[in-house]
Amino acid sequence: MLNVYLSGEIHTDWREQIISGCGEGAFKFTSAITDHEASDAAGDVLGKENNGFWRDHKSAKVNAMRTKNLIEQCDIAIIRFGDKYKQWNAAFDAGYCAALGTPYITLHSEDIIHPLKEVDAAAHAWATSPQQVVELLNYIAGDL
Amino acid sequence: MLNVYLSGEIHTDWREQIISGCGEGAFKFTSAITDHEASDAAGDVLGKENNGFWRDHKSAKVNAMRTKNLIEQCDIAIIRFGDKYKQWNAAFDAGYCAALGTPYITLHSEDIIHPLKEVDAAAHAWATSPQQVVELLNYIAGDL
Amino acid sequence: MLNVYLSGEIHTDWREQIISGCGEGAFKFTSAITDHEASDAAGDVLGKENNGFWRDHKSAKVNAMRTKNLIEQCDIAIIRFGDKYKQWNAAFDAGYCAALGTPYITLHSEDIIHPLKEVDAAAHAWATSPQQVVELLNYIAGDL
Amino acid sequence: MLNVYLSGEIHTDWREQIISGCGEGAFKFTSAITDHEASDAAGDVLGKENNGFWRDHKSAKVNAMRTKNLIEQCDIAIIRFGDKYKQWNAAFDAGYCAALGTPYITLHSEDIIHPLKEVDAAAHAWATSPQQVVELLNYIAGDL
Amino acid sequence: MLNVYLSGEIHTDWREQIISGCGEGAFKFTSAITDHEASDAAGDVLGKENNGFWRDHKSAKVNAMRTKNLIEQCDIAIIRFGDKYKQWNAAFDAGYCAALGTPYITLHSEDIIHPLKEVDAAAHAWATSPQQVVELLNYIAGDL
Amino acid sequence: MLNVYLSGEIHTDWREQIISGCGEGAFKFTSAITDHEASDAAGDVLGKENNGFWRDHKSAKVNAMRTKNLIEQCDIAIIRFGDKYKQWNAAFDAGYCAALGTPYITLHSEDIIHPLKEVDAAAHAWATSPQQVVELLNYIAGDL
Amino acid sequence: MLNVYLSGEIHTDWREQIISGCGEGAFKFTSAITDHEASDAAGDVLGKENNGFWRDHKSAKVNAMRTKNLIEQCDIAIIRFGDKYKQWNAAFDAGYCAALGTPYITLHSEDIIHPLKEVDAAAHAWATSPQQVVELLNYIAGDL
Amino acid sequence: MLNVYLSGEIHTDWREQIISGCGEGAFKFTSAITDHEASDAAGDVLGKENNGFWRDHKSAKVNAMRTKNLIEQCDIAIIRFGDKYKQWNAAFDAGYCAALGTPYITLHSEDIIHPLKEVDAAAHAWATSPQQVVELLNYIAGDL
């Protein structure tokens, strides 16, 4: 059983493509909460904040309790960068994996190779499509 | 002696402001090579690459031999995000510090609070000016 | 399955509220022995002590064999401070979690914010009611 | 050279007694910032907060950048509990040391033995006066 | 489920007493191979040795592949010293546990307190009978 | 259940001999992908490379995502050196195990004792036939 | 500079032989307090104990604050077993080193090979005279 | 100061070329004992062995006390493969570095790329001449 953490972009269906492509049995897939509004509001139950920084801070820390454990437990992470937004959290997760020695695969298009060179340098593979990730994961998990 | 790693943006003089503001004696400051062209060409001595990905890959890995050691040896990191570029390497360094349990201070303006919320959530402080960082570092290193 | 350690106050039913609120299936809850007299007498089977310090010492070390393992195995700890007693063991558990990098949620009323500031600073969230903890845990464990 | 971290109560001169009693040469003593007002205001340079929780939070995290490094670097910690205040930060530091495997000596009077039994159980010694700590440290550091 | 490693003396039935006393369900007990002759001959399959040191060396290393893994996986170890033989391997296992931070209970009679003081000092409890160990283990594993 | 990683030579049936000799139940055996051509082509799905070094590099890193996890999860590794080829990957795996403190058994004929002396020095046993390995593993896993 | 910890027997001058044999410059030698009476009385400053177990316990824990740090800081340990006494503390130190991955050399006569086989199996060398240890240390530290 | 360990081939002057090329001040270079005969005889002082395996075993373990410490202390390792001999110890050192997360540079000619692909895949750079290594090290250590 290969434990795979799916990090990054939440606006396309790359997670679903990988999960359905890999089929059942050999994998456990985990992820941050990918519902954008729920994620931003994760800390609101603890009380309203007038200051945007602290609202974000509380929610981000609640989310971190989930992601920190899932990343530390995974065997491999997929780090996805889409073509919009800053996506610093994806790069943060990549650095976290690198420090733990957990291998990760980056998933992004060719036009952002240069700004991602440090993130790719610590990766074990760079893929440009979810289908490539599926093929890699099936190979890696072959006859475990 | 406090060992401080300065990560991120290389286009303004924030490093110099912090170093000169902190004065001598109580601090050791380290950093990646901040000469942009030298950094991009760090791997060229090992042979030319026609493919841009591999040229970046080789250089980024040569640079990583420097930064990986310096980050692992620092007591505190300053993670700077400017107002231009992707700066995924800064977020990567923050994640690396977080996994090691090394405290870091983010340094960025107010308008990027939301996309940096995960990075700020794992930080020990968020500053908006080099002068604030100087005051924090002097306080932290007081009478060591 | 999220492994949650419940640390601290033993005089109210906050543990039961959290356990029953979270429902079955997604959680494993653990705790120190919460029967006060049994806990104080944990070492008595090894022989009576005339000196109060050594009686406490033996019992506390027997209890530590339980709590040390449970804390090291948990994914998240809840650290509860009530409105009576010193409760140094709860703060000790929080420090233990912080050193391990295990996220924890503090659960206490607003009037002890200031003396708990170091403990709260290393926490991932501060809650004031068991119901808030239940909501956080259900969110964090969503779709695991 | 023995690196000794002095944690806890800041209202009596126990630190000075230990430092002057141990003499020069064999020891390096470190500590949190013990100026109460400066410590509470440590984060104010980053901007004023209307909410007391966040003011405390910012200051406590700034202080943690100092104490976390000093505790992780020490060989032995002295954990002092006075006869007033909650002093949860001292118990937090003890738990932090215990998780790291760093030995510590508690320093407190006999009347709080029972509430400190978990903290004392993980300690390597319990002293009731700074002079006892001085004798222990001089013995431990003998002919290093 | 508490994983308990039983280390030391192999000439009395203390292991059986503990295992049968604890009953089923809450414990997993492990141990070195306790058949003395089989243990001494563990390396013979790899070829005969004329030199006694090397025969012992090979067998001890084969046995270590078993014990090293079992000790590293246990939650608690019981370290038993009988009234005969050197039993340096039991003290070695205690030191191994101490370095890992794994709690252990020593089991020995009162007349060897003084030579075992360093081993007992790092223990979480000292018992004089298997029945005491059974009571401690049942207490520690209560309602896990 | 003993988790055994089988590293090295892929041209004889030593893996099958060990697996069938050990029987079912007490062991989990893992290994790199041992299909030579599939292994060399592991990275081809990510795009063709004209340069032999980069093709090897990509494939080796894809394979490393599998082997790194499997080696880190095993209890014991078997490191096999045949009588042909460089087999530097087998020695690399041995060094990896040594650094992790994972015991391993080398499996090689007598004529390469001298060049393998550093690898054998860090091993827990040296065997010359798969049947010897089977006997060792059955002994080590006895009554687990 | 090689940091060498000298553990075990305190009744002959083997420590002095090694220290004087190695000469100055390349080594730092450390050790427990080897004055038997001072060591047994190390905890007396904290108050008299009527019970022999607790007197030993207090002193052993005071001594452990010294030895634990020194062992964790050493590069190599020498573990000496004389021909008298139980010397369980020496075997304990060997196990501690083994768990940390710190290499050690045992120093004992041939007649106790069999009871020390587990301790020797985890050692990097077995010597029978201080002069042999001196030669090994000088070799190991050559041209550092 | 960059601590660089030089591992592998001992029959050409690549070590001297690197050391003299890097100049003084910014580097500390370490290495195994490179005198082949002295290295093979490192354990002879402990007594003659008739069996070649055990002679090698004793010497290799004596050498390991040196190399294990030096590798664990280095910031960067250079792993050199010449065009003769098995050189399994160099690949072993590379695996050891990889497990520790210590970056290394391989130094070998182009004709052994394929058998070294796993070793190169975990490296941070592949060089073909000592002069390239000198340039990389000077770049990495720039303005430390």
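By written order: A, B, C, D, E, F, G and H. Residues from 1 in each chain.
Please note the rule applied: contacts are C-beta pairs under 8 Å (C-beta built on N, C-alpha and C of every residue); 3 or more make two chains touch, one makes a residue touch a chain.
Chain-to-protein mapping (UniProt): A, B, C, D, E, F, G, H = YtoQ family protein.
Since this is a predicted model, take the numbers as computed values, not measurements.
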Where the centre means the average of the CA atoms, what chain is farthest from subunit E? B
Among A-B, D-G or F-H, the pair whose interface repeats that of A-C, with over half of its contact pairs matching by residue number, is D-G
As a quick test, compute the distance in whole Å between the mean CA positions of subunit C and subunit G. 39
How big is the gap, in whole Å, between where the Cα atoms of subunit G centre and where those of subunit H centre? 31
Rounded to the nearest whole Å, what is the centre-to-centre distance of subunit A and subunit H, using the mean of the C-alpha atoms as each centre? 37
Would you pick out the residues of subunit C that each touch at least 2 other chains? 61, 64, 101, 126
Which subunit A residues qualify as touching subunit F in the complex? 2, 75-76, 101, 103, 105, 124-128, 132, 135-136, 139-142, 144
Residues on subunit B engaged by subunit H in the complex (per definition of touch): 30, 33, 38, 42-43, 45-47, 58, 61-62, 64-66, 68-70
In the complex of these two chains, what residues of subunit H are touching subunit F? 52-53, 56-57, 59-61, 63-64, 81, 85-89, 91-100, 110, 112-122, 126
